[in-house]
C-alpha cells in the first residue's frame, strides 16, 4: 500500500521533473525543458516550446523548510524532490531529506546515479556498502556542513540515532536516478515467501511475518 | 565469511577480466586487452602491449560444463564468469549460472549494467522489480531457449522451484557490471542490528537472528 | 533481390525490437519498451505506455531450436534475432545463428557494436580482422562452450568447415548494432563495375561476373 | 596576478579532487578514488589502491562555515571547493560560494558541466544567458531555500545587490567542470588591446584602461 | 538588435541542421535525418521517414565561395553554416568563416563542442584561453593549410591583422555546438550596468557607453 | 606487404596523434595532450605534463599541399593525417586526401566514427552504403566546395572518374576512428581462399587470382 511519500514522488516522476541523472546522454541544445503535457514518450522527456520557457522553469523554492514533501509512514523520514522541469537533459537532480530522531532512511540505491549529500542540520550516521564480494561498509557520523559521496548504484543509508532532527540536501547525477528501497523491493512486492526465506537464510514463518508488516503499512 | 564463490569472483575482478559493462565509455582503439600485471590504476584497466596480444586474449572455454566456477555455500548456485581480457573497453561481460533444484540466485542487481539471460536447460522463475514507488514485479517461468531482459540496475532473482537442474547464460552491458546481493549487503556487512530492525519493520531479535546466519555461513 | 533472411531481419529492424547496441546512450527511466506503433521517429524508438507493459515485453522464446529465422539463400546460414521490445534503451541485442556444414557467415561487421558469441554446438572457424594498416587476423576453431569476443566495428566471420551443424548465441553491445555483409555491400548494391574492378585490383570482366552472381541470388 | 582564491582553486585542480563534471564517462568499478600522488596523467585522475581507501576519501567538512576558501581580491566573493577524492569518475562536484553585500560572482561558465545552486542564506540576483543569436537572460532574485539550474556551458552570474551576506551551495555535473570568468579570460590574459577594443566596439584607450585594472589586481 | 548574421544562424538552428556536436549521444540507427517539419521536440531533432531520404540530405554546396552566409554588422566577419540535415545524431557540424582584413571573430566559445579549423586562405591570429585560474593563451598566426584545435568549451578568437582576406573551414564535435560571443552575452542582453561595471572593474559610465554601442548595432 | 601509405598512417597511430573519434568519452580537463613517449597504455593516450604544452601541440601545417602523406601503391590516392597531439580526448580527427584522375579511395569504413568531407578541388563520385538488408547507395558527384556526410561506421568510397586531380579535407568524429579497407581486409590478410570464394559466390581460382594481386602489391 502506497504511503503519502509514494504519491509525491510518483507525481514528480510522472511530471518528468525534479529528478536528474549523472552520466545521462549529453544535451543537444541550450535547454530542453520537460513538457509534462506531451503524449510522446521517449528516453527522457520531450521538450516544451522554447518560446514558452521562462526563468521559473529553472526554479524551485522551499528547500529551507523542514519536512517538505510527504512523510514515509513506514520510516518517518520525508523527502522533498526539487522539481525543476529545466533539468531535463541536464544530468542532475536534487532533494531535501529530513530524518527525525530515531528514524532511518533505510538502505536503498539509485540505479542510474551517484549521489552527494550535505548535512543542513543535525547529525546522521551515513554510509554505503560496496559490491560483492567485498561488501565493505564506508560510513561516518555526519554533522552540519559535512558532505559525503556515494558511488553510482551502491547501497547507502541514513540513520538519525541522535536526539535532534537531521536534514540533508542530496544531489544525484541523473535527471531521473531512480530509487530502490531494498526492504520494500523484497517484502513489499508480493515475492513468494519461500523465495524470501531462502534469500534471508531463514524460515518461512519469519519471512511471512516480516512481509505482513509491509502489507499492513 | 567469504564462501568459495566469493574468492573466484574476487579473483576475476582483481584480474580486470571476465566482466564487462554496457554503456561503458566508447573504445578509442581497435582493442585494449586488459593488462592484469599493470601497477597503474585507471577507470577500467590499462592495456597490454598490442604486439603481445593473441587470439587467446579474446577466448574462453567451458561455458558448456555444468557447475563451473565455485558454489555459493549460502545459496547453492554456481557462477562461472567468462574471463576474456580482450573485453576491456568493449562494454560487455558474460557468465554461466547453474541453479540446482530448490536453490535460488537471490535478489540482486548490477549497479553498472543491464542484463539479458538465455536458459540453457531446466526451468527457473525469473523476474525483476521496478523502482520506487511502483515496486512492480515482472516475472516469468523460463524454460530452455527462453530469453529474459532486466533493465539497468534493477533488482532481479532466479528461483529453481522445479526438480531438474537449471542453467543460464547471462550477458551484461558493462565490462565490470558489479553485483550486489541484497541480503548480503544488508546482513553480511556488520550494519547495526537496530538499523536493520527498523529497515525490516521488525524487532531487534529477529534482525539479530537473521544476521547470525550470515555471520556463520 | 532480397532473400527470406533479409525480410525477417528487415521486419525486426522496422519493429525496433530484437536489436541492441553497445555504448548506446544511457537510459533515463527504468524502462522504455519500444512502441512499434508510434509514428514518431527519434534516435532509437519511442516508448510504449508503461501501464501497458507486461513481463512478455522482456521475453523471447525459441533460441534452443536449430534453424530458427529464415535461411540466407546466398550462404545457407540462418539468423534468429531475439526480439525483445524491452531492450530499447538497454544497450544490448542478441541472435542465434546456425551454420550448416560447409557454410559460412561471410565477413561482416556491426557499425555500432562489439560482439561476443558462445558456441551452442558443432565447431566453427571464427575470427576478426583488425583495422588498417595492421589488417591482422585473430582467429580460432571454436567448439561447444567456447566464447569469442569481437571488438567494436571490426570485420569478423564464421566458417563451418566441419561435418556437423554449428550453432552460436551472439550478443551485441547496442540495441541496434547494424549488420554490413562486405560482399553484399560491394557487389549487391549496384556499384559501378569499374570501381569494383579497381577496388579488387582485377579486370572489369571478373568484377562483372562476380556481380552477376549477386544479382541472380 | 593571482589572488588568494586562485591559489586555493588551483591547488584543488592540481589534486584532481573537489571537482566533478556531469556527463563524464561512466565508472567502470565501484570507485576510483583520485590518487593525487600518481605520476601518470590520463583523462581524469588515476585511482588510489582500493585497499587504502577509507570513508574519509568520500568526506568533506566545513560547508556550513561562511567565507570558507579564499576571497577573490577582484570581486570579494569566496568559493570553497568540496574536496572529495572519491568523486573521481562519479560525474559531480560541489562548492560553497559566499557573496557579500554589493559583491558579484561575475559572469562565468563551466565548459564541461551544468550547474544547480541552492541558496543557504541571504538573497542574490542569479541568472544565465542563452547562446547566440538569442542571447536571452533567464534570471530571478533567489532567497533562502530557492534552487536555480543553469544549462551546460551557459554564462551565468550572481549579484548580491542587497544588504545581507548571501551564501549558496552549488553542484556541477562533472568531476572537473572548469571555470571561465569572462572578464578575466578577456582582460587578464594579455590579449592585444586592439583585439579587445574591436571586441567591445570601443576605443583602444578604454580597452587599455580596463586591462590596467586587471593587471594591477 | 539582430544583425543579418543572427537571422541566418537562427534559421539554421531552427531547422536543426547545419550544426553538430562532438560527444553527442551515439546513434541508434544508420541515420536519423532531421525532420524539420516535426512538431515533436526532443533532445536533438526527430527523424524524417527513411523512405524519403535521398543523397541530398547528406549534401551541402558553396563552401568554396567567399563571404557566404550573412555578415556580422558588428564585426564584419561572415559565417556560413554547413546545413546538412543528415548530420542529426552524427556528432559533428561545420562552417566556413570569412574574416576581412582588420576584422575579428571576437572571443567566443561553443558550450557543447571542441573545434578544429583549417585555413583556406589568408592569415589570422588564432588562439584559445584556458580556464581559471591559469587563463593561459595558446595562440599562433595561421596561414593557408594550417590547422588549429580548440578544446571543448574554451574561449577562442580570430583576428585578421593582415591585409588580405582570410577564410577558414571549422569543424565542431556536436550537431549543435552552440555559440556564445562573450561581448554580446555581456553587453547585448540587458544585464544591469552596475553588474557589468563591477565585472570589468570599471565605472558605471564606461559600462553604459560600451553597452550603448551594442544596443545601437 | 605494406605500401608507404601504411607506414605513414601506422606512425600516426603509434603516436596516438592526428586521429580523433566522434562520440569519444568526454574530456575531464581543459586538455590532455597525447604523451607519445609514455609507457602507460590506456583507453586513448596518456597526457603530457600540462606545463610542457605549447600552442604547437594544437597545430599542424601542410593541408594546402597536394599529395602530402605517402601514396597508396595499390590505389594511387594519398592520405595526409592531421597530426595534432592536442586532439587526444577531444573527439575529432582530420585528414587531407588526394585522388588522381582514374584513381579510387576504395570502399572502406571507420569503425569508431562518422565522417564529413569537403572538396578542395576537382570532382569525385562519393557515396556510402547503408547496412543490411537495405544495402542502399547514397551517392553524388561532388565538386569544389561541396560537402558530404557519412553516418557512423558505414561503407563509403571516392572515385575520381574525371580528368583533373581531386582533393578533399575529411573530418571524423573520433580521435582514432580506425580505417578498414574492405578489399584489403578480405584479400590482404591471409584468409583462406575457400572462405573467400564462398563469400564472393565464386570459384577457388578467382579468389586465388584476386588474392595474388594483393600479395604482390
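A, B, C, D, E and F label the chains in the order they appear, each numbered from 1.
We adopt the following convention: a residue touches a chain if its C-beta (ideal position, glycine included) is under 8 Å from a C-beta of that chain, and two chains touch if they have at least 3 such contacts.
Chains and their UniProt names: A, B, C, D, E, F = Germin-like protein.
Here the structure is a predicted model, which is why all the values come from computation and not from measurement.
For chain F, the chain whose average C-alpha position is most distant is A.
When chain centres are set by their Cα atoms, the one at the greatest distance from chain B is E. A comparison of the E-F and D-F interfaces places the larger number of contacting C-beta pairs at E-F. We define each chain's centre as the mean of its Cα atoms; on that basis chain B and chain D are separated by 40 Å.
Centre-to-centre separation between chain A and chain D, using Cα means, comes to 27 Å. With each centre defined as the average position of its C-alpha atoms, the distance from chain B to chain E rounds to 47 Å.
Contacts with at least two other chains are made by residues 23-27, 30, 40, 42, 44, 111-112, 131, 134, 151-152, 154, 178 of chain F.
Per the contact rule defined earlier, chains pair up in contact as A-B, A-C, A-D, A-E, B-C, B-D, B-F, C-E, C-F, D-E, D-F, E-F.
Chain A contributes residues 2, 5-7, 9-10, 23, 74-75, 103-104, 106-112, 125, 129, 131-137, 151-155, 157, 159, 161, 178-192, 194-195, 198-202, 206, 209-210, 213-214, 217 to its touches with chain B in the complex.
Chain contact summary for the complex, chain A toward chain D: residues 20, 22-27, 30-31, 53-56, 58-65, 82, 84, 86-87, 90-92, 94, 114, 116, 118-119, 127-128, 130-131, 134, 138-140, 142-152, 154, 169, 171, 173.
Remark: chain F residues 21, 23-25, 40-45, 111-112, 174-176, 178 touch chain B in the complex. Contact residues of chain F toward chain D in the complex are 25-30, 32, 35, 38, 40, 42, 44, 46-49, 89.
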